[in-house]
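Chain nomenclature is as follows: A, B, C, D, E and F, assigned in order of appearance, with residue numbering initiated at 1 for each chain independently.
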Amino acid sequence: MKRTVYFGAGWFTPKQELAYDKAMHALKNNLSVDLVHSYVPLEHQYKGIRVDLNPEYLHDLEWSNGTFNGDILGIKSTDVALFIYVPTEEDIGCGVELGYAKAINKTIIVAIPDEEWGEPINLMSFGAADSFIKLSELNKYDFTKPEYKFYEGEVY
Amino acid sequence: MKRTVYFGAGWFTPKQELAYDKAMHALKNNLSVDLVHSYVPLEHQYKGIRVDLNPEYLHDLEWSNGTFNGDILGIKSTDVALFIYVPTEEDIGCGVELGYAKAINKTIIVAIPDEEWGEPINLMSFGAADSFIKLSELNKYDFTKPEYKFYEGEVY
Amino acid sequence: MKRTVYFGAGWFTPKQELAYDKAMHALKNNLSVDLVHSYVPLEHQYKGIRVDLNPEYLHDLEWSNGTFNGDILGIKSTDVALFIYVPTEEDIGCGVELGYAKAINKTIIVAIPDEEWGEPINLMSFGAADSFIKLSELNKYDFTKPEYKFYEGEVY
Amino acid sequence: MKRTVYFGAGWFTPKQELAYDKAMHALKNNLSVDLVHSYVPLEHQYKGIRVDLNPEYLHDLEWSNGTFNGDILGIKSTDVALFIYVPTEEDIGCGVELGYAKAINKTIIVAIPDEEWGEPINLMSFGAADSFIKLSELNKYDFTKPEYKFYEGEVY
Amino acid sequence: MKRTVYFGAGWFTPKQELAYDKAMHALKNNLSVDLVHSYVPLEHQYKGIRVDLNPEYLHDLEWSNGTFNGDILGIKSTDVALFIYVPTEEDIGCGVELGYAKAINKTIIVAIPDEEWGEPINLMSFGAADSFIKLSELNKYDFTKPEYKFYEGEVY
Amino acid sequence: MKRTVYFGAGWFTPKQELAYDKAMHALKNNLSVDLVHSYVPLEHQYKGIRVDLNPEYLHDLEWSNGTFNGDILGIKSTDVALFIYVPTEEDIGCGVELGYAKAINKTIIVAIPDEEWGEPINLMSFGAADSFIKLSELNKYDFTKPEYKFYEGEVY
């Protein structure tokens, strides 16, 4: 038995990119995750267009509606909403996805880079998640047996 | 007929504080808003304790659970979720609240400071909101007659 | 105390148009309805464009997304979802709205033209609604005191 | 890995019946669908009674409540809500199911007979679905990897 | 500004009946409650039939479905779900309503008879409610300004 | 194909404990249930602390919030909400869970001890469940093919 995940993560700063890559690597080795059928937003930009590489789409309503609807589809069609979360560079996109996933009653796991474990996080992220783990635990975390666990660090 | 609002806003940077104050001032003059029965999170910190002024509560689970549950109560017990949104300093707490409000089918209005109107905002905020207005329009905006309207600026 | 309604109705056949007009007339006289703040989809076509009069918009994704999102906003921002329902000419648009309103736990009232009262209706409409009334009762129906009531006619 | 589907389809006109049979045949050959554990409403009429063959049940509240609740159970207990959708003969029952499935955040796929691909469909069906495919693609469509896709035809 | 309430309460033991009557009396004097438009289940038994006085309906599916659907309508069509809750004689019907109200994001207030304040209550009721008050506070409680507040007594 | 279940049951009276043990034994033999990945609340008390054996936690907000959130996680992360339900000793905790599971559209099965089959149950439990079975049927019940079925006993 494996679980599919929605891979929520920012990719807008070096720290976020580093955490993103580490997390993706860990998931590939995680035996409880069905990565092939998981949903990675960057691989589902509408019609394959990445707006960061094609800035002319920044104003395109077809692209933005299609990509937004795709991300929502990703959250609702997978088993677990996973977030790669950097406390010192919180990503608002992950915030919206966290709140949405909470309200539609998805299981929510938040992975935090080890070097930032304990750093303050926003109160709303604290309350929306079901469990917090360190990024170094991600490769072995059992997604088929989630347990509720509060964040051990600070909340602001 | 008036509407109650959930007042979603960051208060962590000077820009956010400025927008916060302007918005609060505008709401006091808005005839379509019942401000007395609206929910302003800063006025509902658990047991009246503001964690920024009382940092010893940063680790207190009673405080953090109570305040998070209070904010959720604020969203569900009011008519409209309003967000004061600074594109260049997006607040992740507002992000979670936006996603939650979207998923429980609340009406969502996002007000953006005039000087930042058109600046890129996160795709997920774009898709979660029902209408975007300029902060200068907030004092006259009719909350009893919301219209769907896409953001006119960029989306990243 | 008055209630706002979402005015769900087809306008694609003479029978539907007749029922539409009768219903609108009745609502104007209904003392329990706040018609000014109710949501009538035909009055909220995106940017004021009616696609039946402007067929070049039939393929326009901005128009169709904007109008769809507007109708969803109408359902979620009003107190009661009202449907003008012609059993012999059921409208699929009302069907989608009925199902959506049911799932988000809105109060749902279905008004049926007197001359078609008792005619078979689809099983899913039967189950989604909270109460069925005759169109001739609409002008006096008390929207502030809804009662659960099964349809008395046939179901197919 | 396979997905279970809710098989939403009308069976009230020759065109609908033809599409129904083609779709069922395609699903039997679709390797991504677990048809044995999918929910086909016609096979779950309350106590095995089909009201079209037993018209004395048209007024029976036990039958109608039981069958409606069964269909809702079908939608909520399966992975994907699939609709066989004939644009020129839209079925209101599918409409209610579409709206319900949308609001409870199910993945929604709409299959349209090839010869009607591009024909106008109701705006609300357009907005409720996650992806539109041709009926001829149904036997190979990968239900384990849904992608968001707008309808390419007209919307009214 | 007043709020409508769903009046959740058992009426199966002398203690429950006593609390029921006291609560109803208090609500009549509460200036923040619109009692006329509130929903009191005992006044909405299907077709006015009370099954405790008409035991022949204990097996009647029309009656039981109609009454259940009416109670759900009561929860969804009012502003606040209020429960009169006797810790030593907890009522399972209120339990189901509490859970339902929580999941559809209603504001939930639980009033406990003064003489039982602090007595252990079930963990799930503890977590579902937004605020706990004493029955003696009910006549002055401001339903237009709910605050989140944990139960001060024991939880089992 | 197997299904995971949330194991809802009281453990506060000898009758409830007996039913609890019989049910757990039956599930171990049920080929359609993946018991290893199911959620049994007693095995998930926060930090492994059972409040009945450690009464000093009766007032501990961290324990009570953590355990409540864990039970909600159990309901949302499993396929079916199963309740072991003793009509003569209904458990309010199961009531809240039933209502919650109903509102978030989970499949709900209620198993009743054979010797109490037909005894009156609360109307709200009647309406929230999708199917009622006897406890003696639990070891062979096919959780992968739920059918809607009304309770055959009395409702009060």
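What we mean here is this: contacts are C-beta pairs under 8 Å (C-beta built on N, C-alpha and C of every residue); 3 or more make two chains touch, one makes a residue touch a chain.
Note that the coordinates shown come from a computational prediction; the quantities given were computed from them, not determined experimentally.
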Any chain touching subunit A and subunit C at once appears in the list B, D
Interface residue overlap between copies subunit E and subunit F, same or different (over half shared): same
When subunit C is superposed on subunit D by its C-alpha atoms, the rotation angle in degrees, nearest 5: 180
For subunit B versus subunit D, what separation do you get between their C-alpha means, in angstrom? 39
Where subunit B and subunit E are represented by their mean Cα positions, the distance between them in whole Å: 31
Show the residues in subunit A shared as contacts by 2 or more other chains, in ascending order. 61-62, 65, 69, 103-105, 150
Could you please write down every pair of chains that are in touch? A-B, A-C, A-D, A-F, B-C, B-E, B-F, C-D, C-E, D-E, D-F, E-F
Residue set of subunit A touching subunit D in the complex reads 34, 37, 44, 46, 62, 66, 69-70, 73, 76-77, 104
Residue ranges of subunit E in contact with subunit F within the complex: 51-52, 58-59, 61, 64-65, 67-69, 71-72, 90-104, 120, 122-128, 150, 154-156
With touch defined as at the start, can you tell me which subunit D residues reach subunit A in the complex? 1, 79, 105-107, 130, 144-150
Given the complex, residues on subunit F that touch subunit B span 61-62, 65
